[in-house]
Every structure is written in structure tokens, then in C-alpha cells.
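Next up: some structures, all given as C-alpha cells.
Next come two complexes, and both contain chain A; in the first it sits with chain B, in the second with chain C.
On to the complex of A and B.
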């Protein structure tokens, strides 16, 4: 045999690589060419910068929030027994709903004429339903974040519960018998078991919420816009002079996503190595 | 199943070939439909499907197209109708991209278009034309009505479809004496915080609202027959931005956010979060009362001598795969029975572009017997307060500057 196995070119992956490579390049190259005049304007336009910063904020809060809530709720369900555990499966409902539907739910619940305001109002707990206005329209993207939390927390729970299911449940008993407290059991039994799924889930939610269109379209504010809304507006709704700038912005986001993935995996590998030693 | 090296390479090559073949041009019928007679166009269209890209934000319009229009098209011409909901600016960008990519065969046959989108489409050569001289039903239109579209010469590149006028909608049970002009409207907004808003300027209706404030705050339509000039525009538009910023803190959500399109303003109005809706359809409110979405006490109003009116059109993109079918549909839309059905508030309430004095018998009677309902203003009131649209170069400037001046405060 010639070269060591790991250095050989993975021929079996060739069809996939050609497929993915051709498609990606077919999108990126024309954008790169079209963006040439746009880079200077992009730097001078505060709208793009603020929309990028806003999207980072929304994506970070949504994915962190869903990951933490998903982990805590999974552990709670894991400790349930019998009928309670079966009943807890209702957590899966938002999983089967489309993002658009969940965004509508957010709208129905939180608008000043929505369920929450009218419910509280009829109970006499809320005088002025307009108080709820800022929940959706404060300029901080809470409508988008609430939607993603509702939709993605169960997604994390499915991943985490699946990896907890593979764990030998005797491990928890053993740890307890050896005198471990709750925190220690969490840190040394549950955490290493869930970490991989949390990581995968976090990245999927982060990159998705950074770029998705339909949720911000329904429950987002006029300003600042999420990057998807800003891009769609500049590419299709405004006059053609915005095009080069929008294509340049598209490339910034593409490069950012690559760098983010690379940095994230590097950091987590490092953390894993330290844990192992 | 295990795949060996040879099979993998074969698969990769196949992927490449498939990808490349997608980019190849299918055989295209290059013959120009404009050289055919009307009978030949009818014969050519028979059995085909025509794809119509149109704004899809109103259920009633969509239903009318899918039922009344589609049925007639199938029955009389054997043509199927496929409606694609798409904003006009979006399909113009799409066809523009296809043009720069030399895509000779597009996917859209007919576009519902006017104003700045028509100007862009015509100036970039995105439209097949002139076409309107081919259509028999154009004889029923007064040619003087369709010389200009927002200041752009039409020259037969689009076919008239409907006549719209801007009205405000309000519930007369809640507001017995509504504002009659933009000075009174401003006072009303300030006196009723949170009860008024308008769609973002990138929306068709929001843009029209801003144009009316522009007219009202700076000398009226007569002032803007002159060609667009950047410096003069900065001076002319200053009172407009002042008006919009003065009312901003008193708008819905204190003006920090705006409905992103008309459908969202409709929802706010129907749920009672705001007291005024606005519409570029003078007969639409009556239809919504019939449909049970508006209370029976909703009425419409126009601002004194500041109500925009325009004609909207259909056009055929240069790379339409079925131009014959597109012409058949554009002509059918001018059919007197179709125009009368469209004018009925039960269906849509969009006024006709036909010159009704040219109609006879049953056709004439169907317009005379139309019941426009109490929510629609009398025709004399509408006509007396109508002002023509501004040249489309102003429209683009107003939409772009609104975002800077009003939304983000960063002129």
C-alpha cells in the first residue's frame, strides 16, 4: 500500500464535493464580480453595519437561550418517571410546526391586541394593553428572539435527550453513591454526555437565525433590519444602484459564517483537549 | 451497496454533465408573436398555460383572478392561468437579472406593472413591445388616457388594466368628522397618539401616502411637472420630512417601527389598533364590508384636491415563454364583462380603464347598474379631488430618502 490511509484523497466523496463545490462557486463567483464597485459604498453605509450587528445580537441571544433552556428542560424530563415522562412529550409540538406558524403564534400572543394583553386585561391585571407594545417593537428584536426560543428549544431537547438516552443510567446512581452532589453529577456525568449535541444544536440555530428571512419578515421591526431583510430589500425592492453594495454584503456574511465555524470548532477542540488531560 | 473508485468518478462526471446541461439553452421559438395576426395568436395560444406575476397581497383580488379571469380564459381561449404572487419590484429585478445573464427563456409571461417599475423595465429593455396595438379590445380605451405612466411614455409597451385612486378608510361610528386635508390630518394624529400609521416607503401604498404629503406640503402636483433635479428636490422635500418627523412621535408604536406592507396595516386596522387604513383602491372598502372584514360603518375619504390617481397596466417580459398566451390574457382583461366584474366592489372595486361612452347595449348597462355601495365616494367627488401621479424619478428618490430622513434619522 502507498500513502497512509488518512492522507489518501477520499475518492468516494468526489461526487459530493463536485456537487457542493460547483453550486457554491456558481453563487459566490458572480456575486464577487458584481460586488466590485460596492465595497467602498458598503463601508460608508451605516445601515448595513447596524443590520449586521443587530443580526449577531439576535442570533446569539436566540441560540444561547435555546441551548440553555433546552439543556435544563431535558435534564428535568430525564428525571421524570412513568406517566409524567410520557406527558412531557408535548414539548415536541413546536418541532413539527413551521417557523412561519410559530412566528404567527408570537404575533397572536404578544401584540397589544393579542391573547396575552386581552387575557390580562379581562382579568383586570393590565390597564393599558399598549404596555405590551415594546415587547415586539422595541428595536431589540424580541419578537424574533421569542419565536426562535419557542421553536428551537425543543430542537435542542431532542438532541440532548437522544444522547442522554445512550448513557448508562447507572452512572448517575454510581456517582450519587460515591457522594457526588447535584452540581458534580451535572458537571461530570451529564455535561460530557450532552456537550456534543449542545454544540451541534447551537451552531445550527446560530447560523440559521443569522440568515433566515421569514421570521424577521413577520415579527421584526422596521429598523434595524435583519441581514436577510436588508439584503432582499437592496437586491429586489430598491433601485439597481444598491445591487453592488448588497452583493458585497452577501460575501461579508458568507466569509463571516466560514470564519465563525472554523473559530468555533478550534476553540471547542481546544477545550475538549484540556478536559481530557 | 458499496461504491468503488470507478463508479465514484463516473458519478462525479455525471453531476458535472447534468449541471452543465441545465445551463444550455433549450430550443426556443424565436418567431416574433407581434408579426402574427390576432387569429394566429389565438391559435398559437390554445392549449398553453400563461404565467401571470402579480402583487398577491389582497385575497379578494387573487380569488377574482383565480376564478372569474381563469374561467373565462379557459372557456373562451383554451388557455390555463397560473398566478404567481410577486411584488412588481421583485419581478422586474428578476427579469433584469435574466437579461444580464442572457437568459432567453424566462418563466413569466405577463406582469402587473406601472410607475417606477415600468420605467425601469422599459429603459432596460426588459419588455416585449409595442404590443397594445395588437389587441382588439384596445379600441375601447381612450388613447389619451394611456400616453404617460408616471411621466414615462407608454408607447404601447404596456396594456391598461385598471384605474385606481387613493382613499383613506375609517370607521364613521368612531370618527364622525375625519380630517379633510393634510393640515387637519397632522392635527388629528397629534391629538390621538398611537392611532395612525402608514406602511414603509418601500411598500406601494406607503410610497403613495408619502407622495401625497409631498404634494400637499410643497405646492402641489403642478410644481413637479419639471424634470427631476437633485438640488431642487432637497429643497422641495424639506417640508415633507418635517411633516413626517413632526407626527412621528404620535404614530403607532411612537413611529419607531412601521407596517412593512399594506397587508400588515390592514391587520392593524381590522383589529382596531389604528383608526385609519389607506388604499390605492377607491372601491375596496365596500367589498371588505361585504366580506365581513370591515364593520358596515366604514367609509372612505380623500384629502381635498390631493388624492392620487393612476392607471395600472400589464406588460410582457422580453423572454416570456408564451407571449401569445400573454397577449390573449392582456386582451381578455380589457373585455367589458371582465372590467365590469372587476369594478364590482363584491369582487374587487377597481375602476375600469374602458371609455364607457364607446360601449353599447349589455356592456354599457353592466357598468350603469354597478352598485358601488355607501363606502365608495361619489364619482364626482373622486374626480374633483384627483391629482395625477408624479414622474417616477421622484418616486425612487422619495422612497430612498424616507429611510434616511424618517426611519433612521441619518440624512
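On to the complex of A and C.
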């Protein structure tokens, strides 16, 4: 038992594989069959296209923003000591907040009659609170983006801080002694150390924000809808003639996510191989 | 020094103030623009929590189906994680990736398809199905945590126990379980949290028939009753934390008593 067991495929994996495999296939195959007549219609319907484009926009902006903010904040706090280090742990708070709660916070803070407007007004910085109106209702999805930024930045920080924790802290000192500037230290010490976690984190939050339902349901504009809202709406609320088209759209999202995930897997494998050689 | 002040100011404003705001809003009798603070503070909305005892059933139901999702995930992932960590599996990375996909690929895609045939078979709107579906979309967190746990644990201790004549059940209960406990606890809490705070899957597969705290609070969160919504949002947030803290306390005590005997 000490040495790895045989080369046969292990039986212990089977229950989970069957469970996950059945629910994935049973979730996709009926939609694939039902979508057959919908592909032509899908291509001709701008609503689905704009929903997909809008979701890509929201997912890209929020995930890139959270990744960059997460990296910068991690670098700012990873070296803190004592009480400062303890205080910096407040970054973990949003991790335990449900997405629904964070979306509700976005509403509390950013509506024209919300907390930010009152705060800015009392500082004398805001006369007309309606200036904040476009944040939630411009059709650009800023409410969704702000929610994901608050929720996912700490997630990136956890991953980045974990990989920074594995780093030999002498490295930075050595680089500095050898005359490296701040940018060079970032580029040659921190970046290679964090890159893997940034990549993993980005993929996870990108695909999550692309397809999740809760946040757009609470803070999304009515048009354009995120893909989840569009799918749910056209499969449950509208007339049956939309069905095949919506199922074709569902297949598009599924395949897109799979390809995206697989591309990431290949890229990270390649990076690993390069590291090993 | 100025840089540090700015940093901590930023961290406080972004990560602490919003939750504080939730607490303040839950106590606000009236709070409207442009007041920086509520003009009237009241416990009325918290009182409503007690007087409207119709929240107890949804809360209990959410707790039970989330617990169910954790238990089912544990049963499915414990053997798989041990195998992923120890066995020589052809193309292991790919299998690992495949097993993680349910949590990463947008849930709407597979959930709507599953709902279609399950509703034809009249299997929807049951607590059991909610447990299965919540488990399906969140077991990967536990799998990942346990695989790490098993990797750190290594096979040596188990092998030693086996050589001394312990059976597989005894090895698991007396050697692996105590050492894996941190991985089990952290992975299970993520699954519990994901299940407890889920709205989409629960309303899709529960069809409004299975009581759930999330489906009760969503209309309030979307309404203009901000103070009442804040109370509910805080309960939604605090309830799982209280569960974890209680569990941690009980288990610690139990373990201490066991190590004394």
C-alpha cells in the first residue's frame, strides 16, 4: 500500500465519476436533442447574441478587475507583521458573504438615494444624487460588476497570498541586494510566483460570473440580460417557439465554457512542463 | 506611514464598512437621503424576526438540505480523493479536471436540462433532489480540499497501522479521520455555505414547494423595505457561521475528552 497501487483504473473513483458523469450528460443531451431545430433561428436572433456579448463584457471586466485588484492588494499586505497583519485579515469578510448579500449591499450603497450618495453629499461633493443613477441603470451592468468585484477580489487574494506564503522571503532581499528595482522585483520574483494562482482564480471567477443567476437577478438591468436570465426567461416564461433556440444558446454557453476551461488546463500543463525541464 | 494609513483606510472602507452598513440599516427606523446616519434607531425589525415565527421552517429546511448536501458529498468524495492522491491513475490531471467541472461550468447549462427530464418524471420539487443537485454543483470544493488533505497525509501512517493488523475501517476512523479533519471541516464548510446561500438551484428544483431561507429572503432583498431586508441578510450570513462555530466547539470538546481517556 505504501507504493502506488496497480496501473488499473481505480474503483474508488467510479462512484463519483458515475454521479458527475450522469448528471452532466443527462443535463446536456436532452438540450442538445431539443436544440436541433433552433440553430438557424438562434443565429438570426439578436437578443441572444447581445445577451452573450453583454455577459462576456461583464465577466471580463469584473474578473480582470478582481484579478488585478487582488494581486495589488496581496502584494500590499503579504509582508505585514503583528497587529497590522491581523487587521489586514478583514479582506476575508466578503468570502463568507453570500452573493445575494453582496448584491443587496451594492443596492444599499450605490442607488441614488443610497449610502454613497448621502456620504458624498455630507462631504459637500454631491448636489444631485441622480448623478449616481447610471451606475445601476445604464445598461452596462456596473451593478453586477461592482458586486463581483467586491465578492471575488478577496477570492483572488486568498489564492495569491497562499502562493506568496510558499515563497522564500529571502528572494526579495537577494534581488534587492543585487540591485533590482521595484518593477524588476515584481516582474522577476512576484509575477512568476503568483501567475499560476492568478490564472486559476481568473478562470474560476470568469466562468462563474459569466453564468451565475443570483447577482444579475437582483442588481441586473432588464436589458440586456445576462445569459442565465435570458435562458431561464426563454425556457420558462415565454412561448414554446423559443425553446429550440434557447436550448441551442444553452449548448453554446456550455461548449464555450468547456473549451475555455480546457484551454486553461493545456496552458497550465505547458507552464508546468516548462518549469520541470 | 501615509501609505500604510491609506492602505488600511482602503481595506476598512471596502471590506468592513459595507457589513457595518448592513448592521446599521437593520436598526434604522427611518433613513433617507441625504442623512449620513439613520434619524431613528429601532429594534422593531429584529423583533419582527421573533414575532414572525414563519421563518423557522425555511431556516430549518435550508439547514437540513445543506447538511444533506455535505454528507452526500463526503460519501462520494472521500474514496475518490484518497484515490486521486495516492493511486497511479492514467491521465490523472485530466480526470481531476473533469471531476472539478461541475463547480466551474455555469450551472444554468446543465441544471435547466436536468430539470427538463426530471420534471417529466415528476421527480422535481422534492428535498431529496435538492440535496443531490446542491451536492453535484459543490462537491468539487470538498474533493479539492480532501485531495490536498490526503496528499499531505501520505500513505505511511495508514500502512503502518495496517501492518499492525488494523482493518480498513479502523485505519480510516482512528488514523485518517483525525488527521484529515482540517481538510474535511474546511471543505465541508464551503459546501454547506454554497448550499445554504444558493437561490437558483433551490428555487428551480424545489419549485417553491420545498421551504428555503434563500427563496424567502430574495423578494425582501429586491423590495424597498431595506431595514427588514438587512435583518434577513444578516441572519442569512450569521446562521451558517453560528453553525460552524458550534460544530467546532462541540467537536473540539469531544476530541479533548477522547484524548483524556
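Quick notes
Heads up, the rule we're going with is that the second predicted complex is superposed on the first by the 242 of 277 C-alpha atoms of A that agree within 3 Å, B and C clash if a C-alpha of one lies under 4 Å from a C-alpha of the other, contacts with A are read in each partner's own complex, and residues count from 1 in each chain.
Just so it is clear, a contact is a pair of C-beta atoms (placed from the backbone, for glycine too) under 8 Å apart; a residue touches a chain by one contact, two chains touch by 3 or more.
Being a predicted model, the structure only gives us computed values, none of them experimental.
Once chain A of one complex is fitted onto chain A of the other, the partner contacts of A:115 are limited to chain C, with no touch recorded for chain B.
By the touch criterion defined above, A:47 reaches chain B but does not reach chain C. Looking at the shared chain after the overlay, A:176 reaches neither chain B nor chain C.
By the touch criterion stated above, A:223 is placed in contact with chain B alone, chain C being left untouched.
In the superposition on chain A, A:28 makes contact with chain C only, not with chain B. A simple residue count on chain A separates chain B from chain C, and the partner touching more is C. In the superposed pair of complexes, A:240 makes contact with chain B only, with no contact to chain C.
On chain A, the surface patch touched by chain B in one complex and by chain C in the other comprises residues 12, 15, 17, 19, 112-113, 217, 235.
Note for the complex: chain A touches chain C at residues 1-2, 4-7, 9-10, 12-13, 15-17, 19-20, 23-24, 26-31, 34, 73, 76-77, 84, 87-88, 90-91, 93-94, 96-101, 103-105, 107-109, 112-115, 117-119, 121-122, 129, 150, 154, 203-204, 207-208, 210-214, 217-218, 227-228, 231-232, 235, 250-251, 253-254, 257-258, 261-262, 265, 269. Residues 4, 7-8, 11-12, 14-16, 18-19, 21-22, 25, 32-36, 76-77, 79-80, 82-84, 86-90, 93-95, 97-99, 101-102, 104-114, 116-117, 132-133, 136, 139, 143, 155-156, 158-159, 162, 193, 196-200, 214, 217-218, 221-222, 226, 229-230, 233, 236-237, 240-241 of chain C are the ones touching chain A in the complex. Residues 3, 5, 8-9, 11-12, 14-16, 19, 87, 89-90, 93-94, 96, 120, 194, 200, 202, 253, 256-258, 260, 271-273, 396, 399-400, 403, 407-408, 410 of chain B touch chain A in their complex.
For chain A in complex with chain B, the residues that touch the partner chain are 11-12, 14-15, 17-19, 22, 46-47, 111-113, 130, 133, 137-139, 217, 220-223, 233, 235-240.
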